[in-house]
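Chain naming follows the written order as A, B, C and D, and within any one chain the residues start at number 1.
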């Protein structure tokens, strides 16, 4: 089975974040990874567009009841009907998570992924100061390419 | 976006049910539909195999935490970590549901789909006796081909 | 810990069903059971009122995001935000389920409870015809008192 | 309906955190609030014990399938069977959240609560550095009493 990389971030985002998300999406797709995202607008839409340009596959895990409410670049959409609880579904489905920018919803996805032991790479995203006894934390990347590289490296080490 | 048809049934099944599920899976795929299923064994695995033979796409919506626990014929797997509550995710994602045989888990998927207004076709499956004031109910099919036909017809009327 | 009995049924119901639900709620409360329900109107509200009259406790497991959207007789409300997937939470929390009347949502709760091995008693509710290889099924009761009796008996045998 | 205050924190915790959680639980109960927690060990158990000493009510929203797996101080337990997705149920049910210490699971609860607009008070907990455009954030408290005070004040302003 392919490697699943979640790309998470805000449903509204800056132009800079959209460019980064698009590059991350394209980068994951070019390496043969399946992109998982929340299926909405902002970072999710930009990442989905990048996947599409690279000819890859992007799954949208939607919070609502309607599979046609996702962004137009999704390959496939799953309607969870779970509201914010769908963030846990994204974390569970992903082998690694790349966070681009992001607000509190994104922070919850980062935290849920770290909780269940998935690698998380941040790109212009939250900076965490975990208590000293927590050895796992987010890893920073300075570019879309570095984020993709680190995600694949960490997944290959973990699988 | 493609039409999403869920194929639901028991995680163990008779040989006859497996043959039917395989034909239903292949039939949906040949018509260009995306198959959604619970991703497990039994009817789910047989349906997934049928989709694969027809060169189609099948999404597994798994109850557990591990995307690699699905059957080997899945195109893509989503790990919900929700246990039985993932049955609601299948009902919400599907445009129509085809039930092949099935036990109580399948009955819950039939009921959830009917609750939210999705067409449900039964093939050697549960026979419901709804109270008189309920106008919607399951529709029976006598063959895999008829089940697929009815599903696509009902979806095209509803969309 | 107390025994938890779910009372499930439609969000709209007949006068006869409301009377039965009220008696079931009161009966469970008088026996010291905690009533669990979906927290809404119809059978849920009538059962909650019955619990209140008997001085018992009733938990509402709501589908929405707002704990103040439950009926006015609830002792405590939990907002799941899960939509129909909350039906699985009711089945998991209950030691036994009593269904009064009910439509497809109720049928899904009956099916989920039977799937996970919880006793289900029906009072003027769905009549199931399970396939021959399924040994567990719903048990019918003819009165509210009989339904409560059977629920407590089955729970005490199972615990 | 009463005010619902979630007390969140790690399933293992330091002695200092346990003392704080116990005082927070007792403080909320004395003010007539209902305590909501994850129902487990560590901070959850200490908070539940504090509620019990003060004669209050504490609801445990459990991740698993068994309502009898919660800590022994719970007044009532709801088994969600949702795994980590139950963290969203806690955030939705609460009018305000008090975090005592905590690891990544706690961080996810903080983030989910802030995402949906609930006040969050931190006591020896995570320190967040949200991006400049986010106006809402966690509020720090230096003592259990201050945390309880702030939670009730923020809820009374918001309701």
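Operating definition for what follows: a contact is a pair of C-beta atoms (placed from the backbone, for glycine too) under 8 Å apart; a residue touches a chain by one contact, two chains touch by 3 or more.
Worth saying up front: this structure is predicted, and the values here are computed from it rather than measured.
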Pair with more cross-chain C-beta pairs in contact, given C-D and B-D:
C-D
Between chain C and chain A, is it the same set of residue numbers doing the touching on each side, over half shared, or a different set?
same
With centres defined as the mean C-alpha position, give me the chain C-chain D separation in Å.
28
For chain B paired with chain D, centre-to-centre distance based on mean C-alpha positions, whole Å
40
Return the residues of chain A touching two or more other chains; collapse runs of consecutive numbers into ranges.
65, 81-85, 88-89, 92, 116
Can you name the residues of chain B that touch chain C in the complex?
82-85, 87-89, 91-92, 101, 103-105, 107-108, 110-112, 114-116, 126-131, 134, 136
List of chain C residues in touch with chain A within their complex
65, 81-85
Hey, which residues of chain C end up touching chain D in the complex?
1, 4, 34, 36, 57, 59, 61, 65, 67-68, 74, 76-82, 88-89, 92-93, 95, 116
